[in-house]
Amino acid sequence: MNMPRLLPVLCCAVYFFLLAPILVVVLASFNAGAFLTFPPQGLSLRWYRTFFHNAVFLRAFIESMEIAVAATSISAVIGTMAALFSMRTTPALANIVRLGMTLPLVLPEVLTAIGLLFFFYAMGIGVHYSVALLVGHVLLTLPFIYINVSTSLRSFDPSWELAARSLGASPFVTFYRVTMPLMKSGLTSGCLFGFIVSFDAFSTSFLLKDVGTATLPIQLFDYLRLNFTPEAAAVSTFSIIVTFLIVIMTKTIFGIRFTK
Amino acid sequence: MTTVAIENLTRHFGRTRALDDISLSIDDGHFVSFLGPSGCGKSTTLRVLAGFDACDRGRILFDGQDVAALPPEQRDIGMVFQSYALFPHMTVGQNVAFGLEMRRLPRDAIRQRVRAVLDLVHLADHSDRHPRQLSGGQQQRVALARALVIEPRILLLDEPLANLDAILREEMRVFIRELQQRIGITTIYVTHDQAEAMAMSDMIVVMFGGRVAQVAPPRDLYECPGSLQVASFVGQANYLAGHVAHDNGQLAVVTPLGTRPLDGRSAITAPAPARNILIRPESICITPPAASDAVPATVISVQYGGNLTNYVLALADGQQLHVQTATPPSHAGGDRVGVRLADAPLWVIPDCRP
Amino acid sequence: MRKYLLIVPAVVVLLVFLVIPYIDIIFISLHPAADDRPYGSGFTLRNYVQVLTDGYLVHQTAMTLWIGLVTTCATLVLGFPVAWFMAHSSARARAIQQGIVLMPLLVGIVVRSYGWTVILGNNGILNRLARDIGLTRSVLPLMYNSLGIVIALTHVFLPFMILPIFGTIRSLDPALFLAGRSLGASPAITMRRVILPLTMPGIQSGCVLVFILSVSAYVTPMLIGGMRVKTMPMTVVNTLIDAFQWPFGAAQALVLSAIGALIVLVFFRLTPLRWSR
Amino acid sequence: MSGLSRRHLIAGGVVGLTGALVGRATRAAPPPLVVTTYGGSWETFWRDDLMPRFIARTGADVKLDVGFGRTFSATLRASGPGHSDYSILMMNDVFVEPLLRAGHFEKLDFSRLPHARQLYPTALIENGWAVIGMISPIGIGYRTDLVKNPPTCWRDLWTNPEFRGRIGLYNVQNSVGKAMLCLAGQMFGSGPTDMDAAFAALGRLGPVLQTDFNMSTMMGTGEIVVSPFDFGEIARLRRQGLPVACIMPREGMLMWDQTFTICVNAGARDMAYRYLDFILEPETQLMLAQKFFVSPVNSTVVIPPDLADAVPVTGDRMKEILPMDWHWINQNAVELDKRWSRTFG
């Protein structure tokens, strides 16, 4: 297909735009100087050393991972079930389900978080055991799972499931052998999106975090409020690399395709 | 091997009765077609038989065992879907092997049986392809192989030829019927195409509006339809007003085109007043206008169909007749001709007055 | 029916953790303010009247919606060609491009904002560059204003525009473009009359997503706008958390959500296709 | 009243059982003392130095929580008075004042705070409902390499032409931004509440760069050369090699206060008092001064000579810190916010 000659140039410009602030952060993390300045004053790994010896950031990093994994897993189950339901029900009901499932995305994150904060305290649970935080993150990730899974189910033929049943597969085996593989791409990209969104969530975490814990964005925010050293850039670069590795791994293991 | 009995099957969708007290029995090894217009309940019957839909009332007996409460996977059926429903993420071989894996057969046995059944459908060398790489007819045969390889008690086919072109459809009719007879499996086939049903079935079940209208072998169905509705759904028909009277000590049917003996299969045992008489287009002969015992008619239109020629004629009183001959067209529109009935017994549609 | 079990968890989660808290917020917004308690007794609509008549808040709401609109347009204009290019690249190139497109999401929101400070700041890379090549002598105001916010929001929400459009373009029959050309249409007309309508579902979901996300964005405008440009979410947080005016803040938040939802609905009405499907 | 009981009702209808069970489970164990602090080096210091000392002395079960005034007050408001997980809080007076009025804190029992007697009067605030545990006095910071005529007073921000366009201000979200307004009202109008004069004056400053909390970066990059700055941060920047200095303006200084309050119905009330007194004692105060260069609030603390330039505001100098009427400021917060945006928008 012939494309206008300018298109590749334009796209490269957009890609550069997308990468520019990240490049800046990555470069700043190798700064030998004491300030988060650009261009860096000499190159060194000193801030990575500082970071790896800073239990606070590592703990926040692990906390973020745990919350993101837990919230994405819960959403994956709930969202996939809802998507399967939409496929099996009448179009009118499916529309209502879709509206409901995208609602957490439509409502402002900050407001939802404040609402949840009041709610959990009214119930006497408060922010204990990170329940409120987890619920907040489930709400954040749910729409992404649902949208991606139901998109991948759009071309799903319900008689595939019937065929499997007629061939002797139980409902569970049918799901595992037929439905699941056919919506895998949507589920994978949904989970990936959900994970990334949860890992980066700020407003929700900042209002709902349990006493004495912090996710990475909160920790970075708290840190940067008072200490503007390249350690923050080092932490971010590290988390970019880790999340990127996760994406690559998911891609190679599950063969992710973004929608269809 | 397997007989199927359906007793008083009833199914509601909301307030509409999709199945209204269906009862039926199917002999072992028979090929039975459910024929009817869309929405008549034939597909619903199949889905209930397969276990995809529940019935509100009634029993389904496979070899005398009530399976109505069993989920589909425990009914031991093979099913071919209109869309074929081949798993797109599996190769042909994997598709066919799926049912055997569910039955936990040893790996070697699976391999052998998959090869055997693919040979049977002439697709042995397509085992590693994906369904989307196959033509419609090939996909159809894979679907058939997948359903047959598990050696089910009964084979259910849901309009399996609907998505094929005309020539392939004819080929597959022969192929499926031949295969079914070779294996001897009890088969239920759903279609809205009467020609298909006639060509393949041992027995045809005609359904209208959730009820069984008639159950009969194809020839009986064509020649002796139980109602006007069945008669017009199964092939083209002319209806002439007539009555049954004694003629030479036998019961005969008197029509405007002449008098012929009453079909022996009819339940009528005494002279009867005005009735609808069924006359198939091929049972009318065209003669020269002056021929003896011929009734004059005018040719309205002629359709050439290769081996057959179809005429529409009008009688003097304006009634139109469809006539089919096995000869090339010998008349044109506007020609005056004579018509007479072939020398065969006539069928009186029961309980149906003109 | 057993299939209804599938929707039960989602209904429970949404009902308990979304609907009930929001009912609570609506409830609060209908109360008068109180000095020593979260809210006073008695029902009133005054908070809503105040939100809708206060010139400052109306201006701020308009500003927020405007930022959302400009961001949506910017992501669409930049995102569509990229999605098109991506969809017509080789599998390998496509994978790399998908990685690049996802990158903004992989960088934490706080640090990403820092990156922009370095690039757009008054003493940032762009300003220094402009000064060095003699483009301008004064400082280019790239940050601490709505332009900066739009740039940063466009950056982070581009993936949400590119990926859905990419999805629909991928599912198009490549012959369509050729068919358009064979019927004598120029590339531009083929694009407008054939390709654009067919990619509308992707464009729609992208636009809705980006618009909603940018209207309710809180952290990026806070950090990039340097508090000089205040968007509604920032005001909502201030009113609710800093000033403790719960009823008034709740009313502000609900009005903003309602306007956002309304605009999305109008958008659906104006563009011919429904969201996905 | 109606609000909370109603919400309890809703909650009870939905997940009452779970809520009650979990609630009981949490109440069964003796609550740890939650100690709040800020992120970054503050958290590190609390975790590695301050808390081990306190625990060694008291054997307290301490849980460290990092946040800032906004998060603490949001959770406090959500939990309602007497239901907080916190027993003691450290935040700015600007946040404390409305919470105090809403009944979240108890009047301090000074008999349990023996070191409170040694505090500067500046640290005893809110009529005995709160004490300031640390003070970061704010003067005018500037880049010594980029400024020819160093500032001597706040008025110089308006009059020194080389500052024009290179002034940094804390915005109105920050308590120092609000304090700046009162200061400008005092300087150019009839008093600290003369906002017409204050906003007119700030408008005359011309283009200023604003920040919510981080002034150091802009100072580091040279985007700004002068701004309100706390002495501690200036000392830190200087030790990292940045050419900066901070002066005590003639008109008086502003401050960041770290104000401590005890929550009503505190779960670890006893330990909270011991922690507060621990903060106020001279040894801890000196540690804090050495770490963060904050001015000790305990008048008995003697600043060692090597720290004198980093912590210049002590003794009588403490009186130069201007008091702020946070109640009036909070009452008018929304209005100030609006006018601020209009002035700088």
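Letters A, B, C and D name the chains as they come in the text, with residue numbers starting at 1 for each one.
Following the convention adopted for this analysis, a residue touches a chain if its C-beta (ideal position, glycine included) is under 8 Å from a C-beta of that chain, and two chains touch if they have at least 3 such contacts.
From a predicted model like this one, the values you see are computed outputs, not experimental measurements.
*Asks:* Determine the set of chains touching chain C that also touch chain D.
*Replies:* Touching chain C as well as chain D, we find A.
*Asks:* By the touch rule set out at the top, what is the minimum number of steps from chain B to chain D?
*Replies:* Step count on the best path from chain B to chain D: 2.
*Asks:* Which chain's mean C-alpha position is nearest the mean C-alpha position of the whole protein set?
*Replies:* A
*Asks:* Across the interfaces A-C and A-D, which one involves more C-beta pairs in contact?
*Replies:* When the contacts at A-C and A-D are counted, A-C has more.
*Asks:* From the centre of chain A, which other chain's Cα mean sits the farthest off?
*Replies:* The chain farthest from chain A, judged by C-alpha centres, is B.
*Asks:* Go ahead and note the Å separation of the Cα centroids belonging to chain A and chain C.
*Replies:* Comparing mean C-alpha positions, chain C is 17 Å from chain A.
*Asks:* In whole angstrom, what separates the CA-based centres of chain A and chain D?
*Replies:* Centres of chain A and chain D (C-alpha means) sit 34 Å apart.
*Asks:* Would you kindly tell me how far, in whole Å, the mean C-alpha position of chain B lies from that of chain A?
*Replies:* The computed centroid separation for chain A versus chain B comes out at 56 Å.
*Asks:* How far is the middle of chain B from the middle of chain C, if each middle is the mean of its Cα atoms, in Å?
*Replies:* Distance between chain centres, rounded to whole Å: 59 Å.
*Asks:* Residues of chain D touching 2+ other chains?
*Replies:* In chain D, the residues touching two or more other chains are 7, 10, 14-15, 74, 217, 221.
*Asks:* Of all residues in chain A, which are in touch with two or more distinct other chains?
*Replies:* Where chain A meets two or more other chains at a single residue, that happens at 36, 114, 118-119, 122, 221, 224.
*Asks:* Going by the touch rule set out above, which residues of chain C reach two or more other chains?
*Replies:* As it turns out, chain C has residues touching two or more other chains at 20, 24, 241.
*Asks:* Touch graph across the chains, line, ring, star, complete or other?
*Replies:* Topology of touching chains reads as other, fitting no named class.
*Asks:* Which of the chains touch, listed as pairs?
*Replies:* Every pair of chains in contact is listed here: A-B, A-C, A-D, C-D.
*Asks:* Of all residues in chain C, which touch chain D in the complex?
*Replies:* 16, 20, 23-24, 27-28, 31, 35-39, 41, 56, 60, 117, 121-123, 139, 144, 222-223, 226-230, 235, 238-239, 241-245
*Asks:* Report the residues of chain A in contact with chain D in the complex, numbered from low to high.
*Replies:* Of all residues in chain A, those touching chain D are 34-37, 54, 56, 114, 117-129, 131, 206-207, 211-212, 214, 218-219, 221-228.
*Asks:* Chain C touches which residues of chain D in the complex?
*Replies:* Touch list, chain D to chain C: 1-3, 6-7, 10, 14-15, 70, 73-74, 77, 98, 101-103, 165, 171-173, 209-212, 217-218, 221-223, 330, 333-334, 337-338, 341-342, 344-345.
*Asks:* For chain A, which residues are in contact with chain C within the complex?
*Replies:* On the chain A side, the touching residues are 1, 3-4, 7-8, 10-11, 14-15, 17-22, 24-25, 28, 36, 38, 77-79, 81-82, 84-85, 88-89, 97-98, 100-101, 103-112, 114-116, 118-119, 122, 135, 138-139, 142, 146-147, 150-151, 154, 196-197, 200, 202-203, 216-217, 220-221, 224, 232-233, 235-236, 239-240, 243-244, 247-248, 251, 258-260.
*Asks:* Under the touch definition given earlier, write down the residues of chain A that touch chain B in their complex.
*Replies:* Within the complex, chain A touches chain B at residues 157, 159-160, 162-171, 173, 177-178, 181-182.
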